[in-house]
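In the two complexes below, subunit A is the common chain; its partner is subunit B in one and subunit C in the other.
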Partner chain A sequence: MTYRICLTLLALFCPLSNAAQLDVSVVDDQGSPVKGAVVYLTSSSPLPAVKPGTMADMDQVKKQFKPHILVVQKGTQVRFPNSDSIQHHVYSFSPAKPFELQLYKDHHPDPLMFDQQGQVELGCNVHDWMLGYIMVVDTPYFAQANAQGLATFDVPPGRYTLHLRHPRIQDDPKSLDLPLLLDDHTAHTFSLQEPLLPGLDEFEEQTDEFSGYE
Partner chain B sequence: MRPCLPWLLGCLLSINSLAAEVSGLMQASLAVTDNQPGWQEQGSGILRYEEDGLHLQQALVKIDHHLASGWQMELVANLHEDGEQQLGLTQAQLLYKPLSADKVKFRARAGFFYPQMSLENPDTGWLSPYNYTQSAINSWIGEELRIAGLELGLYSPGRQRRSPWSWELYGGVFRGNDTLGTLLSWRGWAMHDRQSLHNDRINFAHYGQPFDTYRNALPAWTEPFKELDGRNGYYAGLHLDYYQTVSVRYYFYDNNADPLAVNEQRLYGWDTRFHSLAASWQLNERNRLISQWVTGDTLMGDNKVYVEFDAWFVLLSHAVEKHRFSARFDRFRTRGDDVWPWDQNHQDGDAITLTWRYQWDESWQFGLEQHINSNRALNRATLGEAPDRDRQQTLALAQYRW
Partner chain C sequence: MSKLSWLPTRSLQSRMLAVFLLILAIIVAVTLVTVQTATYRHSTGQVLSHANTSAIVVRDKMLNRANQLMAALDTHSKDFSTKQLIAGGSQDPESLRYALDNHRQRMDADLVWVLDASGQLMASTAGLPATALELAPQQASQRGLHWFALAGEYFLVKAVPVKFVESSPKANAWLLAAIEAPRLISDELVTLTDMQISLFSPPPEQRLIATTFAGPLAERLTADRLLWNDELNLMNLGNEGDLEEYIYTIEPLGEEGQAPLSLLLASVADRAYLSYNSLLGQLVFILAASAILALVAAIIISNGITRPLIKLVNVTNKISRGQYVEAVPDSTTSEISSLSQAIGNMQQGIKQRELEIQQLAYFDSLTGLPNRNQFTTHLEQLIDSEQTQAAVLMMDLDRFKDINDTLGHSIGDQLLKQIALRLANLELNNLFPARLGGDEFGLIWLCHEPQEARYLAEVVVAIFDQPFELQTLRLELDASVGVACFPQDGQDPAGLMQCADIAMYSCKGHHHAFALYRPELNKHSMQRLSLMSELRGALAEGQLQLYYQPKLALADGRVVGVECLVRWIHPVHGFIPPDQFIPLAEQTGAIRELTHWALRYALKQQKQWADAGHHLSVAVNISPLDLVDMQLPRHVADLFREFNPDPASLTLEVTESAVMNDPQAAIDALTTLRDMGVILSIDDFGTGYSSMAQLKNMPVHELKIDKAFVLDVANNSGDKAMVKTLVTLAQMLGLDTVAEGVEDQHAMDYLSEIGCHKVQGFYLSKPLPADQFTPWLDKYLAVSQEQDA
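Presenting the complex of A and B:
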């Protein structure tokens, strides 16, 4: 009887036992949370590929990129909708995706395929203060730290490597790659050793419509 | 006017609709003034309208045409109801701004354009989004100054260097603009928003008529973009920005005109040079402070006319929801020191301009403006007028933008 009850309980909780939870905390050298930090898991085993036709948006809103950092799985197509009523000229020199795209008022170009992993830094040749990033990762398991510096994953149990990336982080990337065995509930804190590069968030601050004109 | 129309039409027809953005703006105004003739009617007033009534305040079309990566063409054509020419170009330029991953980048432009020395007029077609009547400084720049030439620039956007500071450095060389200084010396500073067209002629009063036959032989008008001496003018400018909060721009301009050069119309070269220092400070989300100061001198003939001039303004603009309130104080001055004692070039004045604008929707805007000025020009005596003049003007405007 006891054996049957145990089997029933195991069957009931089987779906839960197939998911491992990982909580990641990211703090800078001062102990402050690093909002927007990108964390992702890779594995030597094959991971699910991106679904064909997966789309993401990197918008242009009030002469800024929105979001500031967009994380996509390799093979995702990214649209540049341009919510502003003015022209933008978006470009990248990053090896993962060099491109340029003219965005006119009321004209939406075809999305671009991001099929190489890496960090793609975006600029606008009309508005020189605009700066954005597309982080292309070769995994479906990625997240960004919230305002408290926390990111949470629910992934199948197994052996992974946890990665941390952010354009402002100066630490050696090798120190930001961590092998992990995930089976139940794991927590990890990244404490950065080097100070972050300046955030310059004031460039993102909303001023008035005549800010930054030429 | 006629020769430019086929060219303008050709440009319009050749434009690929995908790569071109056409925008425009029209303002109709109801003006209530104190009925004093302005310079365009060869009076000595310094405001645009001499009679109450309905006016076409602004009508312009701007075409931005992307030609290739980094190459852009910009045209601005204006229609005026007043002045000697009604239809023409106020700007026509080819801009080159190549994509570059370098921290210090290069850019250039050529054509017929304004140097970027002012911070008062960032709206379409070099208009001010703050006051309708522009400052004395930018009223003058809009009517007498334009670069027909080439500008080269180096610039370094701060954000790409992870610095709050951005800088830009410009140098320009040009022809034309040899008569710059004529209006300032004889009419003095004025306050309006009429930008001269590429082929324009600007009238002013027949100052000096009772006194001198030589002066009478000179025209009571100027064509501001004339080339008279075959010499190049030049300018240099430095922009410094702290984030997008504070902008400072310094320019030095010298048209390098030969003051002895004269053409068959008896238009003289005016050797004019000046410094301009402008600043804009976004105090917070709602308030912006803008100021500009110009000081310089101009020489015509064999010291026949030598005038030192300076002007400044301070503008405070407050935006709340769909309303924008702007208040500006101007002070302006010219001083003559030359061999024609009967040709008095002294002018002093100050002005207050208060403007309210209401943005009804994306296209429509409505506004009211009250302008008062007090100005003194000694050469009014040559017209039999008192040198001191107080003026006021009330404008009610409707603006449509597309």
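Presenting the complex of A and C:
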């Protein structure tokens, strides 16, 4: 029922006839929506590159990365502001972008260029519980599932490959790469086969406990 | 007691001790077994519990080590620089390897290595076996003891995931560390557990991995020596003959689902059971001590019973030997006390009865004098006491039987009492008077000289000087006394008494008051004694016969009677002359029976003759002893009633001496007989020096002139004168005369001439037995009838 209402709403807000609309729904093996799941479309034909100087922010708020997952197009520069009053030591050993930043209060280092696609796992050397991801995708068409596990694209019609990624998903990535032809309004649901890895939800719930350390 | 007959000993004390010891032994054994079993079980439980605790300690210790390792790994895995090195491991493995080696040293591990997320080896410290890559790090990342065999060696392996970002759900790599199992077995464990610790590989290999046992012991510690159960077992790790016992238990060491190692915990058996052994030792000591105490108590108790018993036994033995005790030992034990009292009472009773029996056995109840038994015993003791000189006197009252018979036994008894009193009152030192039985008394006198025996005899005879006064009677009494001397006449009581007896009898025949024993007396006495003893039997057996010698009345030449003469035809000695056995019969008192027998026999024969038509008077000789009492008249009266003869056809011939001994009694008896119509004749008249005065008083009818005057009367003028005088005297006194010993016609003629009434003698006939007398009489009658015709 909910799903039908959503589609209706989407139809109402997408009157463009020269664009194709893609609605993606992501549910886990239990049928629960996977919030924050990253979906993006790639194409064999060239897609628009990122505009130079595009910036994104990965903040540290209350000793957490915010957002948890940041999706950027390849070539985007990411800033690491520190909204906390304490020091963070943000790092990454991911091959897509290994780096290390000493972040102090009111100290704003230069933004980092993420010019390789891939998942960059972020940690804080002084706060083990802090976990963040920067998903670098080589496409301008990406979205994240909302709390209902829904993500919507408005893309030019054409042949694409739909990808679903999320750090918690254990399913074979190949099964999550789906070629499809978009022309009008297409909907697709990912139903995961494998259980999700323990994730941020639980982690977020735990944050209050750690707030005492401030 | 019989219930305890299985006991080897019969002594009460031994039995009590034996039973006591038996019970004690059973108690001790049961206690020992019970306590030993319980203590052993307890000790075994203790040892097992200690082993279990030790196993827990060991496991805990190892677990600690594992956790330590894990913690160290964890710390290292979170180290930023480590992460950097691992993340850059593929580019710079050398740095990572050195870092790992550094970690190895810090963790005191033997091996450290890193696997990437796909399980590929990224880097390792030196010496990592290739098989290490086969183990799943996830398994080693759990808590617990995880053993892995790497190239045949057992290792404790721990693994931690390495996450570049700690909160990441995925491991980026694995950090692993291993410690060789033997290094986990340390002496510290021995100190902690007080046990030897050994590790064995899992079955089927069961190889000794590590042990705290020292060299040679460790070599002998092999799987096949062990029992693979979870109980306490014993093993000997000593050399041959050198016993070194260990108690051990085996526990699994490791996580479930994995082949765990076997942990062997061992302790020297002696040490393990040290408290048990010392407890047992103390128990044995306590039991031994209590056994000794109980034994002592048993001895004291049994002594308390047996000692008084032994005393009582001694006392009883004494009593049985006749030694009476003052007081029977008492006891505090009531049973023994009553036994003691009973023995006391028994002794009292025995004493009393013994006195009575002694009185009966050794004293004459009538006179109170010692009896023959005691007399003999005294004599024996005297001889045994080596007394040098003693006189033994035997005394027999004359005619006591007559007194008893005529005056009654009570008079006789009183008489005996008086005699006893007189004997007892004799003032002689060391005199031992006794009544030997009947009217026989005996005395023993300790004298110094053999000659003193005569003095004793005189003193004893002198007690008869005074008459005995009994109620209204005065009795003159005589006694025959014989004395024998020790040691001259005999060396034993029987011999001495026999000698004294012989002496006594010798004086009986001779009217001596006493006689001292002389050896020659014995010779007579032997034959005499034998005849004496045979005389009564001879009467019964018919050895004695009456022979009859006819008496002829000179007035008409008729045979008017016979004199009955006793003849003894002894089966061995043949004819025994009357003058031999008649005195004997008089001494023994058998003469009375003899007289009675002769009277009966004569009267019986007279009746037979009378029945055959021959009316003959019979003359029977009677002894002076027949006249001491009135028995003879009574007997004659009895015979008269039986045979009913003419009393005047019986003549009793008595000697002069019969009247002389006891004139009054004799006269009384004779008077009675005369009154009965019996003819009385004085035998052997003229030889007895009879008192004429007495003759006058004697109630006799006739005188028999002794044959000494008659035999030669025809030729001897002196005899003629004597015979004539006697006949004349008789005629004067109104008495008939009988001459005996007539041997020829001349004598008969002379006697007829002087007025003698009757004759008898060989001229007519010798004494003939009855069966010859009748033919003789028939023949005589025939001849005389012829002459008459």
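By our rule, the second predicted complex is superposed on the first by the 186 of 214 C-alpha atoms of A that agree within 3 Å, B and C clash if a C-alpha of one lies under 4 Å from a C-alpha of the other, contacts with A are read in each partner's own complex, and residues count from 1 in each chain.
Following the convention adopted for this analysis, a contact is a pair of C-beta atoms (placed from the backbone, for glycine too) under 8 Å apart; a residue touches a chain by one contact, two chains touch by 3 or more.
From a predicted model like this one, the values you see are computed outputs, not experimental measurements.
In the superposition on chain A, A:F93 makes contact with both subunit B and subunit C.
The partner of subunit A that touches more of its residues, comparing subunit B with subunit C, is B. Using the contact criterion defined above for the overlaid structures, shared-chain residue A:W129 touches subunit B and also reaches subunit C. Residue contacts after overlaying the shared chain place A:S32 against neither subunit B nor subunit C. In the overlay built on the shared chain, the residue A:Y104 is in contact with subunit B alone; subunit C does not reach it. Judged by the touch definition given at the top, the superposed model places A:L197 against both subunit B and subunit C. Using the contact criterion defined above for the overlaid structures, shared-chain residue A:S175 touches neither subunit B nor subunit C, since it reaches no partner. Once the two complexes are overlaid on the shared chain, A:Q148 sits clear of subunit B and of subunit C alike.
Shared interface residues of subunit A, touching subunit B in one complex and subunit C in the other, are 91, 93, 123, 125, 128-131, 197-198, 203. Contact residues on subunit C toward subunit A in their complex (touch as defined above): 78, 80, 83-84, 87, 164-170, 172.
Across the complex, subunit B meets subunit A through its residues 18-19, 21, 64, 66, 69-70, 97, 99, 101, 116, 122-123, 129, 155, 157-160, 162-164, 166, 243-245, 282, 285-286, 288, 319, 362. Of all the residues in subunit A, the ones that touch subunit C in their complex are 91-94, 98, 121-123, 125, 128-131, 167-168, 197-199, 203.
By the touch criterion given at the top, residues 85, 87, 91, 93, 100, 102, 104-105, 107, 123, 125, 128-131, 197-198, 200, 202-203, 205-214 of subunit A touch subunit B in their complex.
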